[in-house]
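In the two complexes that follow, chain A is the common piece, with chain B as its partner first and chain C second.
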Partner chain A sequence: MEETPTSWFMRVTVTVLFLFLLAPVLLVFPISFSGDQVLAFPPSSWSLRWYDSLLENKVMMSAFLTSLGLATVVTILSLIIAIPASYAIVRLKVTGSEFLFNLFTAPLLLPTIVLGLAILIIFASIGFLATFTGLVIGHLVITLPYALRVLSVSLGNLNLACEEAASSLGAKPLVIFRRVTLPMMAPGIVAATALCFLVSFDEVVITLFLTGPRMTTLPVELFHHVESQADPLVASVSVLLILMTLGVVMIVDRTMGLTKAFVK
Partner chain B sequence: MMHQTIKRDGVETVGDPYLCLEGVNKKYGLVEVISNLNLEVRKGELIALLGPSGCGKTTTLRMIAGLIAPTAGRIAVGGRDVTHIAPHGRDMGLVFQSYALFPHMTVAKNVAFGLEMRDLSRAEIAQKVAKALAMVQLEHLAGRKPRELSGGQQQRVALARALVIEPSILLLDEPLSNLDAKLRDEMRAQIRDIQQQLGITTVFVTHDQVEALSMCDRIVVMKGGLIEQVGTPHEIYERPATPFVASFVGRTNRVKGKCMVDGGIQIGSSIIRAASVETPGDVTVMVRPHRILIDWDATSTGQGETANRIAASLSRITFVGDVIQFHFDVDGCEFIVEESTKKAQATHRPGEKAMLSWNVGDTLVFGADQ
Partner chain C sequence: MTTATFDLPVGSQKSTSAAGIAIALLLPIALVNAIGFILPVLNLARMSFNEALPGGGIADAFTVANWTGLLQDGFYIELITNSIVVSLGITLATLLVSYPIALYLHRASGAWRTFLTVLVISPLLTSAVVRTYGWIALLADQGPVANAIAAMGFQPPRMMFNTTGVVIGLTEILMPYMILSLMAGFGRLDPKVEEAARTLGATPFRTFRRVILPLTVPGIALGCLLCFVLAISSFITPKLMGGGRVFLLATEIYDQAIVTLNWPLAATLSMLVLIIFGAALAVYSRILRMIEG
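Our next item is the complex of A and B:
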């Protein structure tokens, strides 16, 4: 590209913006290698002691495994529910599908804290608090809107003629769905998977209401930890979270390309 | 599949209708997009549904394919009523304007899809796919994905995919309109060749009169959900049934006239004659621009009984490349006359007087109500 004053101006602006957005995140990395007792920047000495202490911290590690398992189960369930649901809404246009779509996506508009409180009241009465089932159901409420929205857009953008062509070639509706519609939805499915996983893995507000000493997730445990003590352990946990997120994004990029999965 | 009735009364003979549409009607809410459509297509015939957008030609094709259900009427193929049969049970090959290739499959897999649905053996599928790709000269691209092909190549894959299942009827929905002009000419010839080779009954939807005239055995001209005329390209062009057909297929001059009791037609101060006779009153007269001869020496006398002669003055000349168009004024009516550029001389000036003449047989007359 030709070097023009505008392109220089753009570069500087973009660099400054990125620094502004990423600086807090980048700061976490050096702090996690701190040798100090308290959270401070810059650290006065360097060590891996907070990674050691993280590995030895039974609560943190079990919370991490809970988060990982939770995000996986929630993602799979979200897809199992949202793929047929989006098909029914976009393709079959069943009666009341417009209403169902709005109902499913309503949690996106509600304040999460209200949602959390409501779920708390219901779950307390049926004994779902601090259980894996309870967490899965709670998370589904907020991952389903994302999955449904992304998959509906992806399905709506497909060339209907492909399905019609398959039909004229002798394929029955289920075969068409399995061999034509589903593979063509692949970019949307990858995007929905990544979104659901990240939303669930990252969720704090609703989860705060649903966890307890029996079972907790990594972000919630991190939150509690900061409340009680300010040591660089939180930085090493944050690095773990960032790397997980980055891992998911890179998998998406490798399989589909980011733009294809999220933009189209 | 519920109301499937099979009645086969022996082997069809050539000339018998193979595809029949009887009283087919399609309404969306209160809007009637197809009204009482009756059409018979013979086995091995290539028939065009020709008309402007919104005339119902694509709706008709989609009803034949089973992609939309008619509100009323009956569709039969080879004596078998298919009106209520789902598309996957109709055994029809369909080619879309957008080609609709499966983007996640290779060319060979696309072509094989219909055969796999028919539970053929692997070896048989491979052999048929190879044969179909050879027919459209794409054997060398079997392993490519559709997005790696040009528009014309994708079009040929779509054709191969539709033909490989040896359908009872081939349905083409504006298959050439996404191609550039030169490719379109080639594909036109190729599709016609393949259709003749296989002797497959084909319905071809197009808004391009040249495609319809050059490729098809018969043309169905449609407008506003109704059939205007069904006929061979020659009939449609030479004996259009309505002013709409005359102006939609080929170029034409259209002027108002008055039909008199003796059969003469008055245009301005001139009297002309037509082969057919209309009832006396206001009429619309149409003459194809290239069927008119210009006699620049306006004083010369008539050339015979068969010719209409009319005095005109030149108002404008338009150069269109292959032809040159002379716009003449005849008592307030405009006549356009086309001559090939080789013959035309550019020496004429607006205001020049001339005699226009054409055969009585080339005069199309329609009642004013049409």
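Our next item is the complex of A and C:
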């Protein structure tokens, strides 16, 4: 672009606004290395004490393991449930498939505070509160729409020629699906896996309604901790969460390229 | 219900079995959808017409008392008005800080554009709890922002545990949504049109007001709709940054459900949020029709 006073002004404005956008996320990194007893920025001294205290914090660590297990189970179930569903909707084109697609992705339209309350009331009556089963179902409600959407796009973009070729060579439908369709869907499956894992691992509001002292997840425990005391421990947990997300994103990037996976 | 649910009309055997396969493939997702979405939401709507008994009990009888009570109680009228006003303010603030970034990104190209887009999306992948915590650190009484204001010789205002903090925090948290919506709506903005305006002697400001702004109204409308509904239903940031002193719809739903255990009232407030959603959507489609019609 040409050098005009406007574009110079624009550049400064955009830089300042980007700083505003990224400041809270960037800030947690230095704070996590604080040597102070309480939250202060900039910290008066540096140390790894908050990482030590995180490792010694039994509640946080067990919440972390719950979150990890929950996200893994939810992701696997999401794929097992959403792959056949997307096949039925996109390929078999069942009657009212558009309606079904909208119905199955509708939970994303509701605010999580409303959805969380609605699920709480039903789960309270069937004894699912603060149970692993309850958390898994609660998370599936919001991961399945993402999985269904990503997988349907991926399936819709596939070239039918390969499947037709396999069929004309005498392969049975199930074999075609397993040996041709599924491998060709791989990029979509990787994207859906990453998305489901991150959505489940980061979910707070719905989970807040479904957890209890007996069973809690890392984001919920973090929420309660910030509610009572915003000390640098939160920063060290935050760094852990951010690195986790970064790891997942990098795996996706390595396997297929980030823009291919999410920008569609 | 009778057992003849799958009483399909006469057809070839093949299509019957295909329908059977489709039903089998869709059954698991339908089950989760029914247990975790349809049933709970219908139940919630019904519960807004139930009476709350003292001690967390719920009477089965049908009553509109929750709704009439809500509209007669000064506290709730103020809560609802306050939520709408604060959310509108957040939407406007988000638009103002997002528009320059979106415009810049729209004009950028190549790897630079990809890099900046990733920067815009990256906060979305970070938990709202983490970002709110970042804002608590920034806006605390002895925090960096307060110190900077004091260094300039001003008395730093209180920015935590009041509406100011909630507005600042939510504005930043909603920025990525606004930027992406704006960019999606910027498709009609052709650099050649801007160039033409300049060549014809328009000042940059005039070009912006008469050419760029009108062309980007669809993106603005979409971004504002999205940010408004997200703001009015947001919970984490108002709860953590409001410190129990900022009363908004979402925090009140949570408090009624978890602290007071008045589920019928919480259900009524939830339905109210959905009604506000519907109203926002109606305004949005009206604006769209006005531009296009």
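Following the convention adopted for this analysis, the second predicted complex is superposed on the first by the 241 of 264 C-alpha atoms of A that agree within 3 Å, B and C clash if a C-alpha of one lies under 4 Å from a C-alpha of the other, contacts with A are read in each partner's own complex, and residues count from 1 in each chain.
Going forward, contacts are C-beta pairs under 8 Å (C-beta built on N, C-alpha and C of every residue); 3 or more make two chains touch, one makes a residue touch a chain.
All values reported here derive from a predicted model rather than from experimental measurement.
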Going by the contact rule set out at the top, does A:M250 touch chain B (first), chain C (second), both, or neither? neither
One more residue to check, A:I76. First (chain B), second (chain C), both or neither? neither
Is A:A106 touching the first partner chain B, the second partner chain C, both, or neither of them? second
For A:A165 in the superposed arrangement: first (chain B), second (chain C), both or neither? first
Of the two partner chains, chain B (first) and chain C (second), which one does A:L22 touch, if any: first, second, both, or neither? second
Have a look and say if chain B or chain C is in touch with more residues of chain A. C
Return first, second, both or neither, reflecting whether A:L140 touches chain B, chain C, both chains, or no partner chain. second
First (chain B), second (chain C), both or neither touched by A:I242: second
Touched partner set for A:L48, first chain B, second chain C, both or neither: neither
Using the touch rule from the top, collect the residues of chain B that touch chain A in their complex. 65-67, 86-94, 96, 98, 100-104, 113-114, 117-118, 158, 161-162, 165, 171
Complex interface listing, chain A residues touching chain B: 159, 161-162, 164-172, 175, 179-180, 183-184, 186
Contacts from chain C onto chain A in the complex sit at residues 18-19, 21-22, 24-26, 28-30, 32-33, 35-37, 39-41, 43-44, 47, 97-98, 100-101, 103-104, 107, 114, 116-123, 125-138, 140, 142-144, 169, 172, 175-176, 204, 229, 233, 235-236, 239-240, 250, 253-254, 257-258, 263, 266-267, 270, 273-274, 277
Show me the residue ranges of chain A that touch chain C in the complex, using the header's touch definition. 1, 4, 6, 10-11, 13-14, 17-18, 20-28, 31, 39-42, 80-82, 84-85, 87-89, 92, 94, 100, 103-104, 106-107, 110-115, 117-122, 137-138, 140-141, 144, 148, 198, 202, 204-205, 208-209, 219, 222-223, 226-227, 230, 234-235, 238, 241-242, 245, 249, 258-259, 262-263
